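The structure's right below; bear with me while I get my questions together.
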Amino acid sequence: MKNGQEYLDSIREMDFQIYIDGDKLNNALEHPSVRAAANAVAATYDFACAPEVRDRIVTTSHLTGETITRFQHVPQSVDDLVAKVSLTRYCNRRLGMCSFRCVQNAYAPVLYITHKIDADKGTSYHQNFTEWVKYMQKNDLLACPAITDPKGNRRIPAHKQPDPDMYLRVVDKNEKGIVLRGAKLHQTGAVFSHEKLVFPSTTHRRGAEDYAVVCAVPGNANGIIHISVRQPQDDRRKESVEIDLGNSKYGVHECIAIFDDVFVPWERVFMCGEVEYVDEVVGLLGASHRPTTSGCKAGWADVLVGATQLMAEYNGLDQVAHVRDKIADMIAITETMYSCGIAAAVRGFELPHAGYVSDPVLANNAKYYASKAVFDLIRLAEDITGGILSCCPSEKEMKNPEIAPYLERFLKGVDEVPAEHRIRIARLIENISWGLGSILHSATHGGGSGQACKMMLYELSKVEPHREMAVKSAKALAGIPV
Amino acid sequence: MKNGQEYLDSIREMDFQIYIDGDKLNNALEHPSVRAAANAVAATYDFACAPEVRDRIVTTSHLTGETITRFQHVPQSVDDLVAKVSLTRYCNRRLGMCSFRCVQNAYAPVLYITHKIDADKGTSYHQNFTEWVKYMQKNDLLACPAITDPKGNRRIPAHKQPDPDMYLRVVDKNEKGIVLRGAKLHQTGAVFSHEKLVFPSTTHRRGAEDYAVVCAVPGNANGIIHISVRQPQDDRRKESVEIDLGNSKYGVHECIAIFDDVFVPWERVFMCGEVEYVDEVVGLLGASHRPTTSGCKAGWADVLVGATQLMAEYNGLDQVAHVRDKIADMIAITETMYSCGIAAAVRGFELPHAGYVSDPVLANNAKYYASKAVFDLIRLAEDITGGILSCCPSEKEMKNPEIAPYLERFLKGVDEVPAEHRIRIARLIENISWGLGSILHSATHGGGSGQACKMMLYELSKVEPHREMAVKSAKALAGIPV
Amino acid sequence: MKNGQEYLDSIREMDFQIYIDGDKLNNALEHPSVRAAANAVAATYDFACAPEVRDRIVTTSHLTGETITRFQHVPQSVDDLVAKVSLTRYCNRRLGMCSFRCVQNAYAPVLYITHKIDADKGTSYHQNFTEWVKYMQKNDLLACPAITDPKGNRRIPAHKQPDPDMYLRVVDKNEKGIVLRGAKLHQTGAVFSHEKLVFPSTTHRRGAEDYAVVCAVPGNANGIIHISVRQPQDDRRKESVEIDLGNSKYGVHECIAIFDDVFVPWERVFMCGEVEYVDEVVGLLGASHRPTTSGCKAGWADVLVGATQLMAEYNGLDQVAHVRDKIADMIAITETMYSCGIAAAVRGFELPHAGYVSDPVLANNAKYYASKAVFDLIRLAEDITGGILSCCPSEKEMKNPEIAPYLERFLKGVDEVPAEHRIRIARLIENISWGLGSILHSATHGGGSGQACKMMLYELSKVEPHREMAVKSAKALAGIPV
Amino acid sequence: MKNGQEYLDSIREMDFQIYIDGDKLNNALEHPSVRAAANAVAATYDFACAPEVRDRIVTTSHLTGETITRFQHVPQSVDDLVAKVSLTRYCNRRLGMCSFRCVQNAYAPVLYITHKIDADKGTSYHQNFTEWVKYMQKNDLLACPAITDPKGNRRIPAHKQPDPDMYLRVVDKNEKGIVLRGAKLHQTGAVFSHEKLVFPSTTHRRGAEDYAVVCAVPGNANGIIHISVRQPQDDRRKESVEIDLGNSKYGVHECIAIFDDVFVPWERVFMCGEVEYVDEVVGLLGASHRPTTSGCKAGWADVLVGATQLMAEYNGLDQVAHVRDKIADMIAITETMYSCGIAAAVRGFELPHAGYVSDPVLANNAKYYASKAVFDLIRLAEDITGGILSCCPSEKEMKNPEIAPYLERFLKGVDEVPAEHRIRIARLIENISWGLGSILHSATHGGGSGQACKMMLYELSKVEPHREMAVKSAKALAGIPV
């Protein structure tokens, strides 16, 4: 297993290129925004080496029998599912943001669907994917899920779009492999991930075979062009400030990945054209991934709750009834997010030839809940923090000797805490609320939008035995012949 | 193990007396309100005998090695805790209301605290309680938790109230036993429960030793006077109507139990005066009980969701987008309630010499969530159901031949469903929403009010390691020396 | 102008017949449920005679120049619209429920549309309606809006329903008048209203001319059959209890009105077949009526807030922070409901040849807000009140000398307030929350469902100048050519 | 009256100095952040000159008889109050943000309180203030309310703080005037406002006389030091980008104003030491100002609604039911915010010797509602907009010819709308949601925090006649002797 430094070195070797700030940058890690995000990943690699947290993280591969982290593990039990939710919460509580280690949620669904396709069609996708997972485990690699397509007019299916590349597709095939064209958006961590796992963003119907593709591509493969996005306050990364960052250690980084005719050899292809299986595997990926988002948001929220509690103390208001009441509500939201993920994991089940996935209805419910609740979290945080949250002077002013003494006096809360600490916590709350590390966007659209989860929750519930039983029970209790 | 009929027979023998409808009634079971509630309990006894559900319910006593139901079981693992939440949901989904089988949630906390007191004080409470639990298991008995005190002025502690009996207390002790005086309110199921488990409703401080009492009393003990309460629409029980009941099979029944100097022999006393242990055992009882309320409310809500879905179909509106959206929200609330309970159970832990209890923070969170969410549930149910919900003619009108033909025509929705079915479902929704079997009251104050749970959630969170870690993490990320 | 007694006498003379409790009753006023509701109306008649409130209520008819109440007035200014909202709040604050005096909201819309139809078609509807309004004013009569049709399958238009009578329709016309067949549901106050104002419940399209009918019918016209509905706890009316009623003075009463070939002479017909005008007049009626619902619900809520405040005092909890916070939220909801109605009135405008109506978007918004907010109100009320709300003994038990002393002791809160007062307030809160006078149903579906208002709000907003301006402004600010 | 250019020229002449970006800047207007904000003010000056909007804005001074804008007007009627709410909504709908023109809300309260103090004490504050208002009107000047004190430990009164300057105070007085020391935070628009109106941020008690000061100071008076704050994304202002700004025309600007012994002559002092009047005038200022915040937030929200509607169209989703439903909810929130302000204005009353103020309870309710509702607004906006909201490439990438063609293709929604338009609208939504022009901060804490308004709402309600009447009515209806 790699440690953080080894991870960073391995990424540096890959020499990712990215368009950012109007230029093309060789070696993305040189950019402070990318580095801050890669440092968060490095921290997760280090966790696995730290004696006090190693037990949470390390397990044994059922494929190789070797010691691996849970970030590489195919869940072999409900306990594994639960452990992943809790581990994610732990990591994000340490990082105050996303930990970029979610790709493993795709392992069991893809192992399952590839086995099913192979059985039906005589393909060898399952073997391909198994080998790729072993490769990931042996080399302790990071992969970035490449899922979200541009989608164009959202009401038009992929194969009927005016521009056929609005969903990533296979434009050529030969004996050696396939060629991909299109783009994947919202690529969290793509320029510091060794691999990309390409996956459809939605179901596809007959006629859209070219869009039914699952495969793995090295992160720096030929033909891939990364274009950075501009996020709230990311300019601050480029200056020599620290306080203003809020999270002085870590940051997120998102980009767009253009696939300009990228070649993928067959041994890295796990689905190609079998459109009738897309629906199932997309649904299973959602079920598998979404409980992790509960742990993710809960850990993130833990830091927000902690910072808000500190701010209440710094303002001298931590014993005031309405403040305690609001912090209690923040805790309640956080634990509810977490509970929804844990329950989905506990109610998980085994996919044959693959591993365990969480209960699909509870998994979608978990994400739907979080997609709304985070707005209440930041409302409460802003309420308690006060106007300072949007009216902090910058670090440059804090350090300008002509005015620093004024700011040191007037930005204090309680006398015992220096103004700078109060500002630092205000900036951290800003960061998590709507700044560089905002919990909002990740919760709203990351890992499937709240609305998508709600619709899936509704559709999946229709066939749940306990829903059908409830309808029968309603009739029986009402005295209607069932 | 008893079946339903055997249970009813055993209650009938006890000849509970109750004041109801202005009179004193010998044999409470004769009253239709009581009978409808006792029938619900009988149904739960029958579940244990039904081959298709037996597996959910039956387990082995760790005390006697005999086969018992989970309603009598001291949880010996996290799986037992989870199974209890799910079993409660199952029962309530069958009943459309409370299943009256929660007393077992007190077993582990009382076993634990009695052992602790005995170790400190040389008492023999643990043995007493163990024997009582065995007695409950062997005879498959129902006990009613007798917890809620009248409380008088809520700002004044028990021992300083103008009326010293506003909290149940020990007014006499002798070699044989103790004498109880006071009252317990909100006694759900008291007049068809073999036993009462007396328990403090709140913590008590030094000086209030007389109020620190835990013991078991036969339900029909000398000196206990039951007074029925009057609940929404319970008058309908007394008529020969069925449709208007909504839930044509089962009902709830609540009463007040006056303790007019009730003698309890020492072997049935499990705490008496050890005021310094009350805080802990009250907290543990909350943690133990509240996840069950999640299963409880989720099962209850399942029937409401099913009925609302039927009503949407009967109105021809089940395919309309906003209706589906609202049903999805009802499902989401239901599954979130359930998830909170499951997570609390999964995060449970062992109490030495006792059994397992759920995680206290998550348990209180579960109840707090449900206490608010049920109002959204009934709002959505009423929204979808339409004005018919509050404007149904009675069964008597439905059956009056002079007007029945009009009602059969004009109260129809879609042509295929008879008006009577639509009315029956409207009545069931009325029943669950604010009628005879309202989910509101049970969720708001049953098993601890939402506010009490919120406060406990806040207090307990203060010392949780992950909250402390989050504060440290916030400081570290903000660059504040920890 | 009539006083309350004169009103009651005039209704008694009409000898309304109603099916109720399984029988046909001659003279509906004899029934305690009807009488309690008619007494509320009588109170509003008395208000007009009470010196201290007369100024709020009395105004001058623009048609006759005579002194009338605002319940009979065609609004001639924005101030009239505002006055009506406030008057309704005043009345309902006195009554603790609906005041049954809303028909006047239809005056301006019908005056307007009849003038428009007459101008287009040469009919004389406007004259007919003007005469009817004068008749109402001169005799100070009460009319019940007869609007809600049975609707059958809600997805099928009136004229395509399997049963053609699922919307009230004209089945015959001759020189003297028209014949109506069908039913109107949710008839609030029909059996103590002198008149019915028949009105379509929804828009109709070409082909449904028979359903486009507006007319006035005496409340006891031949062919009308009233069938009472059964509402929560209305059984209590039939007993000799007072405390258990909650609202010991007044009650609501709803029924179904069957129109079994009811003849209406032409001079009482205000629209008949002009289907192309239905859409506009239905929309205007909504705009005209819905701000009144804001005042209605605010006045109703005032009593709930007052009662909840009393209960907090009786429990000794009125100075506790979370209780004050929740009461503040109840007040905020109440004043927001009211504010929405006032604003709609203030932004009203003149309909030519008619009078003033409120702003349609703000009017629909007012009702939509209230339809959701009332559930929060009762949640907060139940939270503060405590378990006693659902666990009160009945008056019969309170008065049974064998047990009364226990109840007098144990149902007390603070020592200074007798238990009976606490019970009375608990019963009043029960009444307003989900009992006999529940605010829920009126707010959810009365005067148009929340969803209907939301849809109308959306549709009407599309063409509002300020919405169009906002889209242009968004483009201009974003730098997009407008 | 000035036009926009004349306003800007007059500010430039004042040569405001500000610390920003680590330096001291002479002539604040040179800084792009300040200029963008001053341009918004200039736009409001231009509105008064634009024929199509002049009527909304222009009125006649009751002090001088001259034509002035409503931004300078002391309301002389309820209609004036209503007009101000609507005017503010209009301006902010044009600007997409704050319009900086609120100081006039202080005129009536200060005129009133100064008259009262003078009558009691023989001072001449009223004359002083009247002259200053005339000066403001005649020269059409902008003043910045200087209200928020640093406050230190929020639980300690001003005069007991460890640092006596944590609330602005008078440190010296002589024949000519007074000397101020301390700071005012959250100074919106201070470096482009001709004047500052100094006002206490909270009530003060006996012993805190030095803190009871109301006066006017030129914006660039000796001893005032402005320190800019750093807000989300304000770095973008400093680059040559336009798209990334979101609002390409206008911006906000906040700063801290240090008062380092600022001299104020007596003729500009309106209160000094009369601590017993502070409570009333602070309450009146809240009542006077907070309805304006309703218009403010509604106009701001109008642009957000418009932009979200455009984004739904650009994504091809504007006809989808759940999107329409969410936009309807956004409209409903917007109109409810506005309605609350309008109602507060309509229920306003006259302050003797002064002018009109809005109803205090409804005014505080308006602000409290908005403080929560804006979070729902941005939740809905982000939900509809999609992931693009947080994953937009920057303008620099959009214009880099190597990658621009990819972005033009892949960031399109519907085929007819160029990607750049979609990005521009996404950036505008970002701007209003949590970016440079965020509605959140203004709604949460601007003009009084939601919690402060809620507490004031509660306290003021206690003595409202309709609340007292409601308590009596509750008792009467419940049958309790009143």
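First chain written, first letter: the chains are A, B, C and D, and each begins at residue 1.
In this text, a contact is a pair of C-beta atoms (placed from the backbone, for glycine too) under 8 Å apart; a residue touches a chain by one contact, two chains touch by 3 or more.
Treat the numbers as computed from the prediction; the structure is a model and nothing was measured.
Number of steps on the shortest path from subunit B to subunit D, with steps defined by chain touch: 1.
Two copies of one chain, subunit B and subunit C, form a contact in which over half of the residue numbers belong to both partners.
Across the two candidate interfaces, A-D and A-C, the one carrying more C-beta contacts is A-D. Note: centroid distance subunit C to subunit D, computed from Cα atoms, is 39 Å. Each chain gets one centre point, the mean of its Cα atoms, and the points for subunit A and subunit D are 38 Å apart. For the pair subunit A and subunit C, the distance between C-alpha centroids works out to 51 Å. Each of residues 322, 325 in subunit D touches at least two other chains. Residue ranges of subunit A in contact with subunit C, taken from their complex: 321-322, 325. Taken together, the subunit D residues at the contact with subunit C in this complex read 82, 89, 93-96, 242-243, 246-250, 302-303, 305-307, 309-310, 324-325, 327-329, 331-332, 335-336, 338-340, 342-344, 346-347, 361-362, 365-366, 368-369, 421, 424-425, 427-428, 454-455, 457-458, 461, 466-467, 469-480. Touching subunit A in their complex are the following residues of subunit D: 19-24, 148, 150-156, 162-163, 165-166, 182-183, 185-186, 225, 227-233, 235-236, 244, 254, 256, 258, 260, 315-317, 320, 322, 371-372, 375-376, 378-379, 382-383, 386-394, 396-397, 399-400, 402-403, 406-407, 409-415, 430, 433-435, 438, 440-441, 444-446, 449-451.
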